[in-house]
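The structure follows.
Labels for the chains are A, B and C, by order of writing; each one numbers its residues from 1.
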Amino acid sequence: MEKIREIVLPGEEIILGENKPGNGIYVENGKAYVEYLGVKSIKSGYVNIIPLSGRYQPQKGDKVIGKIVDIMSSNWVVDINAPYLAPLHVNDTPWKVDFGDTSKYLNVGDTILAKVMSVNEVKQVWLTLKEPGLRKLQGGHIITVSPTKVPRIIGKDGSMIKILKEMTNSKIYVGQNGIIWVEGTTESILKVVGAIRLIEREAHIIGLTDRVKEYLSKSKKENDVE
Amino acid sequence: MSKFTESVVSEIKKDYIQKLLSQGSRLDGRGADEYRKIEIINNFVPRACGSALVKIGNTQVLVGVKIEPGEPFPDTPDTGVLSTNAELVPLASPTFEAGPPGEEAIELARVVDRGIRESKAVDLEKLIIKPGEQVWIVFVDIHVLDYDGNLFDASALGSIVALKNSIVPASKFNLGDDFPLPIVHYPSTVTFAKIGGNIVVDPNLDEENIAQARITVTTDELGHVHAIQKGLDGTFKIEEIKNTISMGMRIGNKLRNEYIIKGD
Amino acid sequence: MSGMKTDIKLIDENGKRIDGRTFDQIRPIKIEAGILERADGSAYIEWGGNKIIAAVYGPREVYPKHMQDPSKAVLRARYNMAAFSVDERKKPGPDRRSIELSMVISNALSSVVFLEQFPRTAIDVFIEVLQADAGTRIAGLTAASVALADAGIPMKDLIVGCAAGKVENTIVLDLNKEEDNFGQADLPVAIIPRTKEIVLFQMDGDMIEEEINRAMDMAINASLQIYELQKDALKRKYFNIVQEDELQ
């Protein structure tokens, strides 16, 4: 059975019961309270608050899509829609980059599919491109969604993203940070973008999967875009 | 992030927008001569003499008009005064910084002002209190609230709508009865962006960020042109300028009939 | 208090104030969360004749770099009035009053935000007064708190406030414009609703201790009612009933 849950706000008290306080919960005088706007979730004995808004909070191992916003002699600076810009060091790429040659490989404005290699206690991030599949992205289109909607766009076990890819015959990478890259024909890109905006708007309404399928099977002329 | 890193445009987006344009379409499905959804809330600030909140797509601009007695300019002792200012407040965009108006805010204010002033929209000669000594000063203050491209048209539209519905508060200063601000012309402003070889009207933020050049055309209901401003550091061909002027007139007319002259 | 004099009676023989309220009534308030696209969080408040927008950007990297605090985020609130927001047109730009209000609001908000979670960043809060009608700093702070929650910023609690004052020797709640101009004292207060700890407290005018205590109690009680409006605004925007198996 699916459980229905309500949103919680900063300062609201959380009854832990036998559970321990997880993400988004602070303890004061033995009582637990919510830190940020979100939804309560209980998993493996921990109570966590899943955020409903806010910038991307990086986790080790996340695949993210970022934009190069600055270049230094041995690293690039990447915007991943998080509180901090993320450095990408030449040693964490598959290339042999000579000192000062960084712009030959990646330039300001380029887009990369990268992985979060590590996150320290104050949430500063280090990225890597040194894994198969990670690379500079070219062509296609980029859209941004709230990182909090990413799980819905991917769906349980990737079910939703599978529908999007198959019904439009397009390539889609969804970064955990809410940046999404789509490649395909102009028409299929438009459809994917429209479907993603639909998911964003109606994520909370039952029957989403069916509505997305219905949307994707209509012709281009019948749909609103972006 | 600094103002510069915040405004880096992704190459992918740039290429995609240009690709779509070459196929005759835009990111949001609009045609090259189409505006986003326009919404105007008149009298949003009832305590001002006139005001209008304009939304064009996600861009939101609030224009307020205040009218107060003051001294005329020495070279025009028998006309009222029009003064236009724009504030690009930091809440409207991560690229706006707090501080006195920069060149973008100043260009915006002066272009909007030019359209109102040169079209003689406000009958300044009817705003004399005491010839040579006291006249009505009309302050038009543009307050940008949410920036998603095309501040010129949103600000100009807000300004003329706010002015059209403004009341001169004479009674407050014991200078007679209140009366409507005399408006005799209705300037309408249309902005175009040039992207690759394509010209599109009402650029949204993404389009504005990659545009090489921009042109703003203000025309009135008689078909006269009163202000033109080419912006950004790219170039236009002569033909393109001529086309945008006549399109500006045609589209400007449409906007004027739908949003400016229409009764409230 | 501006020390201005008036012939109007601010409170009549039945205890009614010029806008019809009794001494302990607050003006109508409406709050909406998430009304701007670009900002990370935002809120709009109408409080009596006040119309104020608050927006949050952050946490984000600080520029210039020398303004960074290596141990925590810097919360900077900027209170600004639009030129057309007041009776006599105000020249745009910060004046001494705006700077003081920005500071007391920054301090109030900083006391509840978990700044240590984001060292070297800034959390920027912008408050734009579009129409002013007395009590703008409290209304602005109340909206700013909603905007911070809307932006997902981790906090101990929302903060909320109300002003009380003294008018014709009576302690009244939530001064309107005339009472602010011609009254005898003004006391804005803001609190952390859960604990009733005080995060903003100012007084301006002429009151005895007893009057201050009364005013403070009234203001704090009213604040708790306004807190419900803040929560309601956020819940309405995120009317989000989420199904378990779709997450994580």
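Rule of thumb we're sticking to: a contact is a pair of C-beta atoms (placed from the backbone, for glycine too) under 8 Å apart; a residue touches a chain by one contact, two chains touch by 3 or more.
Just so we're clear, the structure is a prediction, and the values are computed from it rather than from any experiment.
Chemist: Linking chains that touch, what shape results: line, ring, star, complete or other?
Modeler: Chain contacts: complete, every pair touches.
Chemist: Taking each chain's centre as the mean of its C-alpha atoms, give the chain farthest from subunit B.
Modeler: Ranked by distance of C-alpha centres from subunit B, the top chain is A.
Chemist: Consider the two chain pairs A-B and A-C; indicate the one with the greater count of contacting C-beta pairs.
Modeler: When the contacts at A-C and A-B are counted, A-C has more.
Chemist: Using mean CA coordinates as chain centres, what's the subunit A-subunit C distance in Å?
Modeler: A distance of 34 Å separates the two centres.
Chemist: Which whole number of Å gives the spacing of the CA centres of subunit A and subunit B?
Modeler: 37
Chemist: Please output the residue numbers of subunit B that touch at least 2 other chains, ranges allowed.
Modeler: Counting only residues that touch two or more other chains, subunit B contributes 1.
Chemist: Can you tell me which residues of subunit A touch two or more of the remaining chains?
Modeler: In subunit A, 85 touch at least two other chains.
Chemist: Give me the residues of subunit C that touch two or more other chains.
Modeler: Subunit C, residues with two or more chain partners: 60-61.
Chemist: In the complex formed with subunit C, which residues of subunit B make contact?
Modeler: These residues of subunit B touch subunit C: 1-3, 44-48, 51, 58, 60, 62, 64-66, 68, 85, 87, 89-94, 98, 100-101, 139, 141, 143, 145-148.
Chemist: Can you list the subunit C residues touching subunit B in their complex?
Modeler: My answer: residues 36-39, 42, 49, 51, 53-55, 57, 60-61, 63, 78, 80, 82-89, 92-93, 124, 126, 128, 130-133.
Chemist: Using the touch rule from the top, collect the residues of subunit A that touch subunit B in their complex.
Modeler: Going by the criterion above, the answer is residues 67-70, 77, 79, 85, 107-111, 137-142, 181, 186, 189-190, 224-226.
Chemist: Report the residues of subunit B in contact with subunit A in the complex, numbered from low to high.
Modeler: 1, 5, 8-16, 19-20, 23, 25, 27-29
Chemist: Given the complex with subunit C, which residues does subunit A contribute to the contact?
Modeler: Listed in rising order, the residues of subunit A that touch subunit C are 2-7, 9-11, 24, 26, 28, 33, 35-39, 41, 43, 50-55, 83-85, 122-123, 148, 151-152, 155-156, 203-204, 206.
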